[in-house]
Amino acid sequence: MTDFRYHPEIAKLGAAHLFTPDLEKSVWFFHDILGMHITARTDTKVYLRAAMEREHHSLVLEAGDRARLDHVSWRVRRPEDIEGFNEILTANGTDVTVQAPDAEDGIGESLRFQAPSGHNFRLYYDVEKPDVAEEDRSVLLNQPYRSWHHGIGVRRIDHVNLHTTRDPAVTRDWLSDNLDFKVREYAMSPAGLIGAWMSVTPLVHDVAIMNAGPEDPTPARLHHLAFWLDNAQDVLRAADILVEAGIKPDQGPGKHGVSQAMFLYVRDPGSGHRVEIFSNGYLIFDPDWEPVEWTMKDVMMALTMWGPSDYIPHTDEHVMNITTEA
Amino acid sequence: MTDFRYHPEIAKLGAAHLFTPDLEKSVWFFHDILGMHITARTDTKVYLRAAMEREHHSLVLEAGDRARLDHVSWRVRRPEDIEGFNEILTANGTDVTVQAPDAEDGIGESLRFQAPSGHNFRLYYDVEKPDVAEEDRSVLLNQPYRSWHHGIGVRRIDHVNLHTTRDPAVTRDWLSDNLDFKVREYAMSPAGLIGAWMSVTPLVHDVAIMNAGPEDPTPARLHHLAFWLDNAQDVLRAADILVEAGIKPDQGPGKHGVSQAMFLYVRDPGSGHRVEIFSNGYLIFDPDWEPVEWTMKDVMMALTMWGPSDYIPHTDEHVMNITTEA
Amino acid sequence: MTDFRYHPEIAKLGAAHLFTPDLEKSVWFFHDILGMHITARTDTKVYLRAAMEREHHSLVLEAGDRARLDHVSWRVRRPEDIEGFNEILTANGTDVTVQAPDAEDGIGESLRFQAPSGHNFRLYYDVEKPDVAEEDRSVLLNQPYRSWHHGIGVRRIDHVNLHTTRDPAVTRDWLSDNLDFKVREYAMSPAGLIGAWMSVTPLVHDVAIMNAGPEDPTPARLHHLAFWLDNAQDVLRAADILVEAGIKPDQGPGKHGVSQAMFLYVRDPGSGHRVEIFSNGYLIFDPDWEPVEWTMKDVMMALTMWGPSDYIPHTDEHVMNITTEA
Amino acid sequence: MTDFRYHPEIAKLGAAHLFTPDLEKSVWFFHDILGMHITARTDTKVYLRAAMEREHHSLVLEAGDRARLDHVSWRVRRPEDIEGFNEILTANGTDVTVQAPDAEDGIGESLRFQAPSGHNFRLYYDVEKPDVAEEDRSVLLNQPYRSWHHGIGVRRIDHVNLHTTRDPAVTRDWLSDNLDFKVREYAMSPAGLIGAWMSVTPLVHDVAIMNAGPEDPTPARLHHLAFWLDNAQDVLRAADILVEAGIKPDQGPGKHGVSQAMFLYVRDPGSGHRVEIFSNGYLIFDPDWEPVEWTMKDVMMALTMWGPSDYIPHTDEHVMNITTEA
């Protein structure tokens, strides 16, 4: 029988840990408006999860002096993968800190390290799964929280989009070599890689690593954290809910070329961290998936299939002012 | 018993008659892409109707040297309303031409006249209702054409949006005094009326009369002709179909504040005439409806509830470039 | 000028007044679950309206010893139509009671009378339009309540479906002769009219009058009261919400042939009165609409386009048990 | 470093190979109506794939004397997994045939064997990926076929539901022990396992193995083959298309408790093989997923969240005949 070396694996995106200068407002946004559920809280931290999530949290909001993504956490496939990844990362030159279990956040032993992009990652296996209060439960045996419990009702965390002033290609390779992320789609300019959408799951991306603009004040940036809704029309409803709550979206609803997903971008009024409300798209099951390349001539389609894109400078011509003779 | 003078009534928007410099391409757009059905054609004219329409046509495409809306036709409620409206219009100083029945377009005797805005209108009652070929029929007894027959599959004509370099308030009053259109919503600037959305049906508007920009080369302009789809998500599907056909929308999918409708604007590649693909919104049954006023401070919401609007000049700040520290 | 006798008109369906043996539970159903808004209440009566409704109420729930539809109210087009209809009804032999304005229900002077079917009707013009509390208002200037305020979020009342053990054809004619309802679609059996869908608005029906089964204990029955949602998918969301609340629908989601509308039927747990949650369908603007006839061979399609229908006795064969050889 | 024995893996459901007594009609159903695309054909076989599929086929229709599922094929993760699975299956007592590459169906070397249930399985790695003809291509670089190309437009194969007169628990264990399928949800009766929904992907199931009724003429049965659509509303559109084509669904649209997916069941008129048109649902990324158990008291919810289910014998009471007094 063929015999391969052991391969630790990441199973899924776990959570994002965000610092916010206005905890109360961010809790209002993520809990009341996005519809997440609070599992635990202290004076300075609030732990939240979405309707289909069993783990302790997929989002941590922590009071801080400024908005900052502290780290992104990922759940590994087997308990022994913690040690497995520690070996690989260390052997490849990444400084890894082993963090003891944290009763407060429900996470067991974890690894903390930094990607070349400057972003902090954390790997864990053991995690608490708090029960759902009876009054919040779904009648469905396979669903933790009641359908349409409150707010937009995001179903689960989907992906995280990270920007870096450093070469994204370096982080792309590091993600691949160390954590076994596979490039699914990527965008190239004559100057090099603009961004890569990568995953360990069949989602088109669990993480995207993109080129930040040179004006960004720190090398590692969060562009957005995405949450999933089941239907395109749920994204339209989300837009209504945001606007009714006095929150103006950044862009959307629209449809990306990359991932083919419905999107709606909005920044948390409490912190300015951006969220993407996300649906549709497609799954990648092909074991020999050929990464899809988008070049500058496709960039408009890559960003917004139905256009236009805020990334593309508007011309002086306001197309909606065009009329025909009558 | 109270006794009132006879009131002729318009029952519905009938059709738009468009000249196009590229008839073949416009037919491809309206028939193949929007999914309308051809009921009759000559070398220079093509008559089309939508899935739920029984009348001879809701759209005429005619070959011409340039793009031009020739006229908008309206069906009156009773045969005697033709004479009724002739009396009212003439008494109020509008020149009316009586046009004999036209076998080619299936329309009986009709009135032709011009609104103060410069737009040509036509009123008719008698109209042919060609059968649907058996292979195109729906199994539903109340639906002419088969569901999802081809293309986007627009269901019916909805409204027409007319721009004028002349004072829209004059035409608003003329539409009200002569044809009994009621203002449902309107937008005001300090300089006066920007536009009025008016209807004789419970739709929020059958016709809108808006202020054109002073740069428009002729006084009477067509901003768009709208066709209806049943669901917001059908508008998203329409966007896919347009982009797959190589046609870039002008704006949308989005949601208007005025009318609350889902919209998608796209110009016919053959003529440049703009079409609005339209869904949702609301109906007005209240007999004492108070027209809704939108002022400059609401104009963004009026145009696009979820924003942004191409009408609003973009600032230098590209909001989608904002990221937070990680 | 042609001169016609004055014609009073009904503008819209106003409200249904329902007695319920469990007011608290019915309020929970109509307010919490369907998402209606309470405008006024006493110990024994609760007044509710939907998200897009400005009038005092479209539903009255009153505590009673048993479930009973007390009456259906309709708003007339002009104040003088109250007197106009009184004259017509009285001249045609219907006993009409003039009811003085009722401060409690916000309705001005009204007429009360009974249809041949045994159903009580009420006509009014004057009606209060209570303001919406600031915290409940929409940001949209043309929408009273905030989008997706709570529960299913029904948008407006749509129609009422009445059964009678008496000949529905008699009531059909009476509705036409007295109140100017027009038949839009109807179903025939060899024994005669099964039901007629009639309207004064462009909706396919504001009222349906149907043949009750001979076993019904009283001649006049309420089959259902319908409320509108904008999209077919909103009806699917409604089904989720009902089931999560422990309420089992009677039938649906499905699609009717008659009206082409998406439907979901559910009975109020407090009273057993049935509600139809309703979307899509089509509008009738043709002034010379030919009523659509459905006969016994089409009855399945008429009721549920996608089938099956609970009205059609199931055969012994359970079609979902059929499998093919592997 | 930890060292584990090599584990061959199945990457995805590949295809179903169906015999049909009416090839032409089945091709009409799967191609014209479901919207699949033909990649190759001979006098007796037609190969089809869906809009997002790159492999040679996800469905083979072959002319035969009767309807029969010939086999289900699965793609393995690595080329060496063919040998890997051969070893495991053989060691565990399953007869395995190695089939040489088949130029006609585009499949490389494959394994053929039978599950204890009597169903034939096939494993492969190498597979041709025919280009899409230019006129059929999407403008999207990550999508093979044009969006909404024709018909219902199914996006990809989703799962297969197999019935057996033999003990499904035996096959459940065999699928787990040999092919590493994991139970995600299962249904139990006092007599034992009714069915298990199992997957190797994050889909709730790639395969279901269920208890057939004792009256089934052969031990191995196909209950249905499922294809995916992106939105619940696309399933409603599919229902319209089927009924317009004269095809009556077996059940649905509806929503399952198990998997939470939107469903619509319909049998191919050419063969009687059943297809499930499928959307929504949820994905399982948790590495320590606890299989969800449904018992007899939940069986209604398991099958159809919104009920009713054709599996549940109807009582004499026709709930839709209930009316309330008026």
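Going by the order they are written in, the chains are A, B, C and D; count residues from 1 in each one.
The rule is simple: a contact is a pair of C-beta atoms (placed from the backbone, for glycine too) under 8 Å apart; a residue touches a chain by one contact, two chains touch by 3 or more.
In this text the structure is predicted, and so the values were computed from the model without any measurement.
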Touch-network distance, subunit A to subunit C, counted in steps: 1
Distance-maximising chain from subunit B - centres being C-alpha averages: D
Distance from subunit D to subunit C - Cα centre to Cα centre, in angstrom: 42
Intercentroid distance (Cα basis), subunit C paired with subunit B, Å: 31
Sequence positions of subunit A contacting 2 or more other chains: 139, 231-233, 240, 243, 301, 305
Contacting residues of subunit D [partner subunit A, same complex]: 1-6, 11-13, 52, 54-55, 75-78, 80, 83-84, 87, 125, 139-143, 155-156, 185, 201-202, 204, 230-233, 257-260, 280, 282-283, 285-287, 292-294, 298, 301-302, 305
Contacting residues of subunit A [partner subunit C, same complex]: 138-139, 146-148, 231, 233, 237, 240-241, 243-244, 246
Complex contacts: residues of subunit C adjacent to subunit D: 66-69, 118-120, 162-163, 212-213, 216-218, 220-223, 231-233, 236, 239-240, 242-243, 248-255, 262, 265, 267, 271-274, 301, 305-311, 314, 318-326
